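Just so it is clear, A, B and C label the chains in written order, and each chain counts residues from 1 on its own.
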Amino acid sequence: MTAGVAAGRATSTIEEAKRGGKNSLVLVLSKGGADMAYPALILATTARALGMDAHIYFTFWGMQLLTPEGRKKAMDVFPPDMQKALAAKFPTVEVFMQQAKQAGVHIHACSPTMDMFGMTKASLVNEVDDVIGASTYLELASRPDALTLFI
Amino acid sequence: MTAGVAAGRATSTIEEAKRGGKNSLVLVLSKGGADMAYPALILATTARALGMDAHIYFTFWGMQLLTPEGRKKAMDVFPPDMQKALAAKFPTVEVFMQQAKQAGVHIHACSPTMDMFGMTKASLVNEVDDVIGASTYLELASRPDALTLFI
Amino acid sequence: MTAGVAAGRATSTIEEAKRGGKNSLVLVLSKGGADMAYPALILATTARALGMDAHIYFTFWGMQLLTPEGRKKAMDVFPPDMQKALAAKFPTVEVFMQQAKQAGVHIHACSPTMDMFGMTKASLVNEVDDVIGASTYLELASRPDALTLFI
């Protein structure tokens, strides 16, 4: 996508929002494999390119993607030959998450999951913005301009 | 959460709804394991605490959670040591579903799934409010104030 | 559902949309098994019967449902006796997808997934309307009248 096209789309998205459309993408990522991390990261970074806000609320198995070891194991959902093919075309989940963060995607960790699995904030990767609960997620997702998906 | 905080949040959620925000959480729960039942029940009971309406439409594998045997097997998605750790911190799916029901969460069973799997209303747990189809779900989810997720 | 009931519901849905309700169902289907294809197809065809627009954006594992071989394998998620029981009551995924298409459901293939897995347009089934990316999906899902779910 060229900058011109991106700018044009961002403008139309903002105009859409003024007419009642959505200008904020709020994803819940509940799975720990790269097969669902890729769609979440593609949607979130595309939303940013379109001028939308973007949030990913990592919860349950998705919290594995916020630990250094879990993030490395994310590709294990694919057979070895598919891992090679993907590695030739797409960034790793770790690199993709860093790119998303640099593009302004907000990375939220789930506090009930941390309680459930005995995880500490110190064990999480640097990209995490904050640790939030279900009520904060619902506040983000309840905004009139929010488009929310459970992945 | 204290009652004061809950009341404050409920008020702000209602005010938000007046501005076009969401005041009704309508979840589809299509999975039969406790790993997805917990997020659904946490979201639905949190929505009630925030003063929102809350619905869970159990469909496909999710219908297993509405039978006494299926609900007991829901923890089998976890290895035994994880089951013990969870049991020490969280209610069982059965108890959590009863708490959700008492908090005013609406429990809907899916009629096409019952046809598909030859299930009868008599075989379902007491918490079920009604048996509805896809058109009734879409009517609930199409309301201007509805926030809907497919889990 | 009789035509009269369908017409009545379609009218009320359109009236609802004028008050800020949803009149367009935009599904993402990311799974390749019949267990998630059925809910997506039931929701999309029901939406059409209610007078709503309906779109299914097939992505990731869901793209397997858009190849002739993958669509045939979709029932393999069920044990053989369950496959027989389902076949007695419901159309196959192939026939159901053709019925959805005839009812006006839009079938979108995902371009990033095609890149990822080295798929060509020529290898896809006839029901595919077009190949779109995440930005086109977000434009569809951002409309004020869109109800969107990630399956």
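In this text, a contact is a pair of C-beta atoms (placed from the backbone, for glycine too) under 8 Å apart; a residue touches a chain by one contact, two chains touch by 3 or more.
Quantities reported herein were computed from a predicted structural model and do not represent experimental measurements.
These two copies of the sequence, chain B and chain C, are related by a rotation of 120 degrees on CA atoms, to the nearest 5.
Counting the residue numbers used at the interface between chain A and chain B, under half appear in both copies, so the two copies meet with largely different residues.
Between chain A and chain B, the centres computed from C-alpha atoms are 24 Å apart. Shared interface positions of chain B, defined as residues touching 2 or more other chains, are 20, 149-150. Residues of chain C that touch chain A in their complex: 20, 28, 30, 59-61, 112, 115-118, 133-135, 137-139, 141-144, 146, 148-150. Residues of chain C touching chain B in their complex: 1, 9, 13, 16-17, 19-23, 25, 35-36, 38-39, 42-43, 46-47, 49-50, 52, 85-86, 89-90, 147, 149-151.
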